[in-house]
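Going by the order they are written in, the chains are A, B, C and D; count residues from 1 in each one.
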């Protein structure tokens, strides 16, 4: 079983639209926070990876919205590294409302590795630690 | 063939991250602008639909990132209503760099209709005009 | 002396621009989080105030940027209610890097009170508790 | 009289909060677009200035909000370079609703010049063209 990272975020005022629910683009930001914290829990600082000239841009992203997130709610982001190949890594996310564990959203992002000039690279071997 | 809406957006400074490319969440905002303009081209103001108490929240969203978008570039958003059921509408998007038609991203969003209290409704019949 | 609220935020990836520093609009979002947490510390949930039909829009905002905030840094937001009149409230903010207390920014926001239709109202008397 | 740049922006869906008005942070993004377009009108591409290793971070920002901006409204941003010193430049902005010229907001930003490492530099002499 891959390690699951957990982090809590609070829905911010400008993240909520005039429907009164969190706008759908924010879930991808919360997923990114989940990914960063999963890495931090395993001793990998994403900022340090970038400092070595390796970047992990998103090449595919998807989200299913199960229930609306509202202003000021606490949301739990649960993140795992689902698959890790030579040049592709897929992370999976589960977003839950902390007060009652209600499922808010699920999603995935697929990442490649590139250097500062955007040229393809192999993924950092250190990502393997996220699978344990 | 469904009508295709076209609108141009310019990549804004804060939309670009420290990799020097547009952050992946912004593509969903550009898709939303494409959707709004497709509707406007067919005589449907999304604000007017909401004024009647009908909202069209996103229940699924996906994007494939083919090439990075950079600061100040002009991007063309091409939008079509791909399928329209009683309670689900799916829009498809194609994002291209205007200067050389390079494909930047493709994506889809699936929408439901709800009232102001978030209760399910049928989709507005007026959306059919987007299919012609 | 008015009560000072304190809350810590982490600089998010999309908040950082291609200069490698947090874009200047985000400081106003962090100030808003500081304001919300100051209120929560004194037993006032801003969401509850809005639920009673009172909104506190910003009518003036200002920020001085003393040092750049970088990706993944922890920032401490220190917030006080500086003045409270019948129809205007002014909050003051101090943003510091948590690791070394370096001053990142200072700012103020002035708020009015309006009802759901945007008509002027008196400020909620409950805000006085922020001055103790 | 300094040259005044003019550009129109449309209020985007996620820029509007649950009060139904554009959140106050967005005005700074629109001011930035105004600044960029003022420069472009005078033959200065801000991206080209940065490509030469000169960056113009905001060191002070202020906005007065006169009337709310609503979803889908067209706003006119009118921008001038108010003062230009050796190391400081101040831009002034006026935001108006296009349909009826109603004043939405006024504001200013003060900028310094830095190199890629954040060290102070003199402002580019080319900015003088904005004063004519």
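Couple of notes before you dig in:
Here is the rule we go by: a contact is a pair of C-beta atoms (placed from the backbone, for glycine too) under 8 Å apart; a residue touches a chain by one contact, two chains touch by 3 or more.
Only a predicted model underlies this, so the values are computations on that prediction, with no experimental measurement involved.
In terms of C-beta pairs in contact, the better-connected of the chain pairs C-D and B-D is C-D.
Distance between Cα centroids is largest for the pairing of chain A with D.
With centres set at the average Cα position, the gap from chain C to chain D is 23 Å. Chain B and chain D have Cα centroids separated by 27 Å. Each of the following residues of chain A touches two or more other chains: 13-14, 18, 25, 29, 71. Those residues of chain C lying in contact with chain B across their complex are 13-14, 16-18, 20, 23, 25, 71. Residues of chain A that touch chain C in their complex: 12-14, 29, 32-33, 36, 45-47, 71-72.
By the touch rule above, chain B contacts chain A in their complex via residues 18-19, 21, 24-26, 28-29, 50, 55, 57-65, 68, 109, 118.
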